[in-house]
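Next come two complexes built around chain A: one with chain B, the other with chain C.
Entry: the complex of A and B
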């Protein structure tokens, strides 16, 4: 696997749209060609070379390409967005849409990410070592298909509206989450190892939510149905099992109504 | 001899009352009186004749004062600003006509601006919910003629839309609602006992920030499932009784306002209210409507909607595509994050409504304000361009809160030599074309 190292040399005044910073756009290119790829600041069209020092060359395919980004990326959007394969490591905090619509490969952010990251993610591994903002792994505005595959792991906390319209895949948040977790979920699983604020699993049709800590206010549409022993992301424990959201429509399978599941660690 | 102009459309709130009578002096220059309007609507007409109105563009000087300049100078300065700026916020549009908006959008496309309207600090969250789950709605005429259960949730039309209750929602006698108020059951759900609550048959006091939970409880109750003893401070018996009563309606309507759109959860509150409306349609006919406030803000959503597919916060900076993301391309976020280089405000007063931090950020950028009045925003602008008042001094199309377009009427002449929004924007558009043809500013 070939490594391309990008080092930030100019911080954008406004925010920079870096949708070309991903292994698919870099594949088969030398440093000089990568420097010519577009970067956008409002209506001004610039190149990656204007903002980054680029070293190394990419592999023949995206899968053979690894990108390491050093320097301050706080004002950079769309890093690793739509990536299909390969690897991206960002040694900084990033702005919005990081890892959104990714369908494969590995993306590691060694800092925080802003909102709308991992939007409608289809596959691959996305790890955030810091905190994540709002709408993590959610759907784009007006879409009913949020995260549908892959693994999204946040080592810190996440904001509100996490996993809205999620339909598949796995999301692990090792810290706390704010309001509206998994709203409108129709599949997949969300594991929160810290506390969840309020409105957990509102309007959930299908899917599983695991909360290791506390929920400040329980939704009225959830009903406890029993207790189960489970092994969740390496933790074996007893969980109280709830079904819901009872106020929402639910499909039937083999004559049985399918509900969303909420598990609270005992 | 003064004359009466009848069937005048009120240019103040989203109710767009269409039965005003305005008395005008025989030289067609002064408004002498307004009948049928509410106090706020009448004031909008009375403003027209107030002394001290700004009649020519003004430019900020180094000492902070304003100096009068010509329209041509103002147009040239504005066009240069728009062409130079890499990202411009073009906010407002709610008090102008749809025709003016479409010219403004043409400029925005050419200069890569971000077009946003007052929904961004108002019913934007309702629009997000509608994007997510759709909306079963109706017209205000249907409410007047059919509704026998009316719910006001988190809104206070007694103050915000003063004639809404008498024209459409509580008191009028309609085709199937011949008993008027007596034939309707009015519910008010709010965390405060408002003046609208005083007109209601039943007031449900919800704990602040528990609307989502309460709406979820209503949906659960409508499905006949068990509830906890209290939800948001409301006992389960009351929720169940109201759910049963709503099911027995012939036609129900939910009106909602800022109490849902700007409390915890925002769009989710509307989303679940829309879903409750959908559930109710399994039992009877039910509709839901946003109490849109700022006159033609609905029109701005309509025009943006048919031109770009999004009703507000439309980012045209990439030219080849329209993008929309609440939290990113919305005015307050753009200003707070310093994502724009210049501001162009038209027909709205963000200075009076935006958070202080956003306006501090705005005050540090070159700013143009197009507005008939002196307002909070003109105080932090580099240029103030006065224009004729739409709906008073010039006509144009406006949309009512139920998305019905109404052609507004000109009542009096604007002051001598004053441009209308349409004329001004057309001139700016032409100047932008000239500058772009020359290869930029």
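Entry: the complex of A and C
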């Protein structure tokens, strides 16, 4: 695997749209070619070379390409977005849309990420060592197709509206989450190792939510149906099992209604 | 203005019966003329196809419903918003493009006119604001009447003269072009939680049937002598077995003749007929009845139709057929927008994915192609996608490729996941016909121009007509053999002339033109009854004052008014 190292040399005045900072766009290119890849700053088309010093060369394919980014990426959007393979390591905090629509490969952010990251993620591994903002792993604004595959792990906390319209895959938040967790979920699973604020699982059709800590205020559309022993992301414990959201439409399978599931660690 | 001479192109013009012969076209001062001076700029069209600018007869491209689609579907433009180099603005949106993209894309495909198919009279100002902002192409809009309280009350007593006087008043207030009728009676019934699925289902409270509304509106249209005919979106859209209602509705026009000074021959235009040509009793035994519907249409010279081709894309459905949108939302559970427009109409919007792995959607695709392939008279059958309902209008080049090449459409048909089921439910596989360039010119130029009452200036290349000319990189002697090649040629004109100016060159927009808004001013005898009713309804029911209803000229500063006189 070849490594390309990007070091921030100029901070953008507005925000830089780094749609081309991913192994798919870099594959088969030398540093000089990578420097010529486009990047919007507002309505102006600039190049990656205007903002980064680029060292090394990419592998022949995305899968053979690893990108390491050093310097302050707080004003960089779309890093690793739409990546299909390969690896990206960002030694910084990043702005919005980081890792959104990714379908494969590994993306590691060593700082925090802003909102709308991991949107509609389809596959691969996306790890955030710091905190995540709002709408993590959700659907794009207006869309009804949220995260559908892959593993998204946040070592810190996440904001509100996490996992909205999630339809598959696994999301683990090791810290706390704010309001509106898993709204409109129709598949997949969300594990929160800390506490959740209000409105967990509103309008959930299908899917699973696990809360290790407390829910500030429970939704009225959930009903306890029993207690189960489970191994969740390496933790063996007893969980209270709820079904919901009772007020939402639910599909039937083999004559039985399929509900969303909420598990509260005892 | 400059002079041009378009030399050596293969000209296709049904107006003059020219079928691909090499002919020079002379242009001066915005018009096609017999000959130009030696100083005229020469456009070399050797090995290219030359046609008049195309006319869109039915699309939803401007107004509150379209805009509601735009704001409630930001996802429609997230991956499809580009700034292309040159003078154009950012082009946002796929199934519900911005007004700018709408103008550019029609022009790039060789269109010079588009009809907004459903204008709610109360929100006509919004429609005109968007039309005004849409560059290059001329436009007009059809106000909707099929569920309007005035109309329902007048036609219940068969008061055709009052109906006509009221329509004339609305056309003037809204700067409208003609009479649109969507799901007659059904949309009003929807306000009562009901629908009208046959032409004999009574409308609650008003006690009138769709049949009476359709007939009455045709009579009012001919009483006024409007350039276009009554334009109908029929009852029971999109349901298996609806073809019977479709033929029943078309039969209402039997014995009626067009009365107008515009050369229009039809009394009824039935839109997006693909959605109305279904047999079977449910989606399991669903089958195409395109043949049956077209056999009837072919016989009846006083009818025109447009297709409503499904393009197998993710799109946005939007119609004044409120109950139908609610029905769709129940099928796909996607977000539903619904609005009631006071005394006049309603509208609904639902995103829709015509997934090519689904047998029903593929069958709808096939039905849409069967319709024009069964059409005997290309001057009465026009290509549409009922944009954006069956697909975005930007897919016309692809639709043409399916119609013009059996190989291209059969490859798609045989490659469907549910190919056997689709082939069993439709007749497309047995059709060998390929639409010719000459027939295409009739279906997209001369035909719609005649049906819209615009044949004096639009749809042909005869001296005296508007210099609206599309030149395509298509050599008829070496017609492209693959779908992508055909598509590329129709999607990017070599040149588009609008009113004698080059607005597009090799797919690139060069000039924003001087677009015009068409509307019809119909003069009728003074009608005290209608004047009284308008006043009363505004006082009693409307949420706005009558004085705030009309569309001032400032909303359509580049208006082109067609006057008709119905006082004789």
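Criterion: the second predicted complex is superposed on the first by the 266 of 266 C-alpha atoms of A that agree within 3 Å, B and C clash if a C-alpha of one lies under 4 Å from a C-alpha of the other, contacts with A are read in each partner's own complex, and residues count from 1 in each chain.
Keep this in mind: a contact is a pair of C-beta atoms (placed from the backbone, for glycine too) under 8 Å apart; a residue touches a chain by one contact, two chains touch by 3 or more.
Please read all numbers here as calculations on a predicted model, not as lab measurements.
Asker: Looking at the superposed three-chain arrangement on chain A, would you call chain B and chain C a clash or a fit?
Answerer: clash
Asker: With the two structures laid over each other on chain A, which partner does A:96 touch: chain B (first), chain C (second), both, or neither?
Answerer: A:96 contacts chain B only, not chain C.
Asker: Check whether A:28 is in contact with chain B, with chain C, with both or with neither, and answer first, second, both or neither.
Answerer: Neither partner.
Asker: Using the touch definition from the top, say if A:247 reaches chain B (first), chain C (second), both or neither.
Answerer: first
Asker: Check the residue A:142 against both partner chains and state whether it touches chain B (first), chain C (second), both, or neither.
Answerer: both
Asker: According to the stated criteria, A:38 is in contact with first (chain B), second (chain C), both, or neither; which is it?
Answerer: neither
Asker: In this superposed model, does chain C or chain B come into contact with more residues of chain A?
Answerer: Comparing chain B with chain C, the partner touching more chain A residues is B.
Asker: Do chain B and chain C land on any of the same chain A residues, and which?
Answerer: In the superposed arrangement, which is not itself an observed complex, chain A uses residues 43, 140-142, 144 for both chain B and chain C.
Asker: Show which residues of chain C lie in contact with chain A when the two form their complex.
Answerer: Interface residues on chain C, with respect to chain A: 72-76, 78, 83, 90, 333-335.
Asker: Contact residues on chain A for chain C in the complex?
Answerer: For this pair, the touching residues of chain A are 43, 139-144, 249.
Asker: Note which residues of chain A are touching chain B in the complex, please.
Answerer: Per the stated touch rule, the residues are 14-15, 17, 40-44, 96, 115-116, 134-135, 140-142, 144, 165, 179-180, 183-184, 198-199, 202-203, 217, 219-221, 223, 245-248.
Asker: Along chain B, where are the residues that touch chain A in the complex?
Answerer: Residues 85-87, 111-112, 128, 131-132, 210, 212-213, 216-220, 222-223, 225-228, 231, 264-265, 268, 271-272, 275, 317-319, 324-328, 337-341.
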